[in-house]
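I've put the structures underneath this note.
Next, two complexes with subunit A in common: one pairs it with subunit B, the other with subunit C.
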Partner chain A sequence: MSGYVVTILITIAIYAILAHSLNIITGHAGQISLGHAAFFGIGAYTAALFYTKAGLSFWIDVPLAALVAGVVGAVLGIPCLRVRDDFLAITTMGIGFVVEAVFLYIPFFGGAMGIGGIDLPMWAGREMTKSEYLILILVVLGTLYALDYILGRSWIGLAWSSIREDEQAASALGVDIVRFKVMAFILGSALAGLAGAFYAHFLTFIMPYNFGFGQSIMILCMVVFGGIGTRWGPIVGALLLGLLPEISRPIMEYRTLLYGLLLVAMMRFQPSGLLGADSFLVVYFTKGLNRIRGGEVKA
Partner chain B sequence: MTLLQVISLSKDFAGLHALESVSFSAERGKILGIIGPNGAGKTTLFNIISGIYLPTAGEILFQGKKILRMKAHRISHLGIGRTFQIVRPLNNLDVETNVLVAYGHRIYPSLWKSVRACRQREALQEVRGIMERTGLKAYSGTLAGNLPLGFKKRLEIARALALQPKLLLLDEPSGGLRYEESFQLMELIRMLRDQGIGILLIEHNMQVVMDLCERIVVLDHGIKIAEGVPEEIRSNPQVIEAYLGRETQHA
Partner chain C sequence: MIWQQLANGISVGSVYALISLGLTMVYGILRILHVAHAGIYTLGAYVGLLSFRLVDNFWLSLFAGMVGAAVAGYLVERFLYTPILHLSRIAPLIASIGLFTAMEEAFRIVAGPHTLVYNARVGLGDLAIGSFRLTETQVLILLVSFLILLFLWLFLTRSRMGLAMRACALDLETASSFGVNVSAIIAMNFIIGSLMAGAAGVLIGVYDNQVWPTMGSIPAYKALAIVVLGGLGSIPGTVLASIIVGLSETFFIGVLSIPFPRDAVAFIAMILVLMFRPYGLLGKA
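Our next item is the complex of A and B:
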């Protein structure tokens, strides 16, 4: 594989972890977040600082990044527990702005210049190649998906769906909504932090700009495009939005225009995402499958 | 045996007295009717008992225990199940899953148990038993949002039953139902009472209330204006006035 392809695939795999982490909060538990890039950033900065300033190795700073992002997610999740819907959207947006500003204005975090010199991990006495790094990230992604499968079938997954559907009814049915929302915030933030750590070691150089509002919206778009709340949606969304800038390279100047149009078209024609229940893909696929099985084709 | 004691409960909404010093008690295996014209404070009363609102003053004891400042899910864990007047099914989950959510109330407090798969045989068996009792068995795989109203009302009750309640708060279970539907529902409520569950029933249909309830509490503008057996309530002039209005005095 050429270095160019590997680079794109690594970006997509990191985006997939990131989109998956938001899917836990927004898709599974139904809590909108417009500030998810903050946790991506907290992970990236934690890893970068531990690596460059404390001299810890990649293998230690990555779990630490997830841990720190998870803890901050729990703390910042507290103001989010009492607000819903549009108020929650604004609150999480505020959190995003605050975190970005902290990175930008506190000299410890390197200011606008960011932090550099974050290398790829060492492995068997030498620096990992990009292909090996890709495999590592894919293994992590696979593990997270196995975990998601287990959680999806568990009582936690059930409690999350009930909160997503109707908080007040859920609480009358014995679901401790605060507890389960906090769980979703912690897990989602920690995994975003994990993605951030991988991102930092891959870019080798991070700046506050990488973790701003635009990035938060980008993550949300991946989840929505792929199919919010579906298991594989985040990967599809990450593929789509990861490839788009590459495909549209010849029309560089119009890239944002293309994004915008796609976003509008998706919301108008496929609001449940490419893998959502009433998506044209899912409908055709089910029809085809039924035809192969010789079963009745649902009209 | 007294299950629930409501003691001088008051609730103000920005100056509006929704409830004023209301007291009554409910017993095991008895149906207590709560009636009154629109805006009398019946649903507010349920919302306070089930922990959605905090009252302005007063006390509530459930099996002798103060439950007032408890959160809604804690109250449901104690054994108070409620239904909503305007049904609140978890629309995009099927009927079985809706009931399963409530079954889970005994599992959610333990993180370790919560990580395990939720569709285990034991849980499903009980959930299916409840669906059978409430006549929902045929709809077990239907999305709750697609159920006809009558069955959504049954689902409300089925979910409340999965909480293993000692007390059920039923908010207009027969509202909007056809005669046969509401008749079947009343049979179900009677059966639950005979199993020893205490029931608080808000109901507009007088026929139903008079047939079903052992005792009746009448609220009007947040004040308890009468309490007694159905015959007493039927002939109580204050109740008649509350419902039909005061007779105009001719000069």
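Our next item is the complex of A and C:
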């Protein structure tokens, strides 16, 4: 594979982890987060600082990044999740702005210039090639998906679906709503931090602007496009939205316009996303499958 | 000095109130966070500027900006929000964010990325009492927002439609069962909110003497913080919170000169208030 293709695939794989982490909060537990890029950024900055200033290796700073992002998620998420659900969207958005401002205005974080000199990980006595790095990220993504599958079948997954579908009913049945919401928020934040660490080591330098509100919207766009709450939706979303600007360079100019219109159109006509329950793809596919099997076709 | 800062803070706060009121009214009835409201504010500024260049009269351009915004607000309600209201609450919010992003890009593509000068002669003149001075545009902002708020208050408390609107905010279904034409009230709600946003766009355009594609970005988030600070859906709370944010911004930056981004003040105030009053300043549980 050429270096160009590998670079795009790494970006897409990192976005897939990121979209998956938001899907835990928004899809599984039904909570709206508009500041997810903040946790992505916290992970990236943690990894970058531990690597460049403390001299820790990649293999230690990546788990630390996930840990720090998770802890910050807990500290910020607990007061936010106690308030009414509409407040969460706005407070998470506020968190996004405050975190970006902290990176930008506090000299420790490198200000507008960001942090540079973050290398690809060392492995077997030499620096990893990009292809090996891609394989590493894909292995992590695969592991996360396996864990997600197990989690989805456990009582935690069950509690999340109950909260998503009907919070009051879940509460009446004895589900500790705040606890499970916080759990989803911490897990989602930690995984976003993990994605951030991989991102920092891949880009080799990071700036506050990589983690602003626009980035939060793009992550949300990926989840929505693939299908909120579906297992493969985030990967499909990351793949399509990651490839789109590469396939056609002229689109690049109008990319933001396109993302915006896409969100509107998806909500208006395909609110459950490409892989959601009543999406046209799923409906046609099921019909076709039934026809092949000779079964009855639902009207 | 302190009076000067007070006047600056209140002028800024009244523009925030004009933007945020539409947001809180929409939330009061439909329970959706109308992020695209800030796009309508920007549209108002552009329509105002365009008509100012055509007719060269500030008051006509203010009127045109308000009407343009109102039409856009009505279209957004009818063709975007109403069809997806039955979906989960996240759907209108995401659609709204998408629409806002697309609108900003559309302004950039159509009108260009540069700032355009909105150099309107209003004909009011500066106001000076002793050492205390209000610039012409500050007088304009205070005058126009006071008049609009007065009209809104009279409308909501003295007219039949205002009564119906308040009934809808309390309980949409009950209001409907008492014969209130709910869809007309919702449309009216968007039209009034957008009229105010359009006026705010024109006022800021003249105050800063420029109109630019992303002028709605900061108000989009700040207005949300203000609305939450005041208590989502509470009209007096929104006005109070707007003035508080306007004042604290000018005092923090102008008097204490803390090197912190001015636009983070609203969010910090919001998070502090939410810790002690989870439903905002004047919100109800």
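Everything below uses one rule, namely that the second predicted complex is superposed on the first by the 295 of 299 C-alpha atoms of A that agree within 3 Å, B and C clash if a C-alpha of one lies under 4 Å from a C-alpha of the other, contacts with A are read in each partner's own complex, and residues count from 1 in each chain.
Here, contacts are C-beta pairs under 8 Å (C-beta built on N, C-alpha and C of every residue); 3 or more make two chains touch, one makes a residue touch a chain.
Everything quoted here is computed from the prediction, not taken from an experiment.
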{"item": "Partner chain in contact with A:Arg153 - subunit B first, subunit C second, else both or neither", "value": "first"}
{"item": "Subunit A residues touched - subunit C or subunit B, whichever exceeds", "value": "C"}
{"item": "Partner chain(s) touched by A:Ala101 [first = subunit B, second = subunit C, both, neither]", "value": "second"}
{"item": "First (subunit B), second (subunit C), both or neither touched by A:Leu173", "value": "first"}
{"item": "First (subunit B), second (subunit C), both or neither touched by A:Ser161", "value": "first"}
{"item": "Common ground on subunit A, meaning residues reached by subunit C in one complex and by subunit B in the other", "value": "none"}
{"item": "In the complex, subunit B residues that touch subunit A", "value": "50-52, 71-73, 76-77, 81-82, 84, 88-93, 97, 100-102, 104-109, 113-119, 159, 162-163"}
{"item": "Contact set on subunit A toward subunit C in their complex", "value": "26, 30, 32, 34, 79, 82-87, 89-91, 93-94, 97-98, 101, 104-105, 213, 217, 220-221, 224, 228, 254, 256-257, 259-264, 266-268, 271"}
{"item": "Subunit A partner contacts - residues on subunit C that touch it in the complex", "value": "27, 31, 33, 80, 83-84, 87-95, 97-106, 109, 221, 224-225, 228, 232, 259-261, 263-264, 267-268, 270-271, 274-275, 278-279"}
{"item": "Residues on subunit A engaged by subunit B in the complex (per definition of touch)", "value": "150-151, 153-159, 161-162, 165-166, 168-180"}
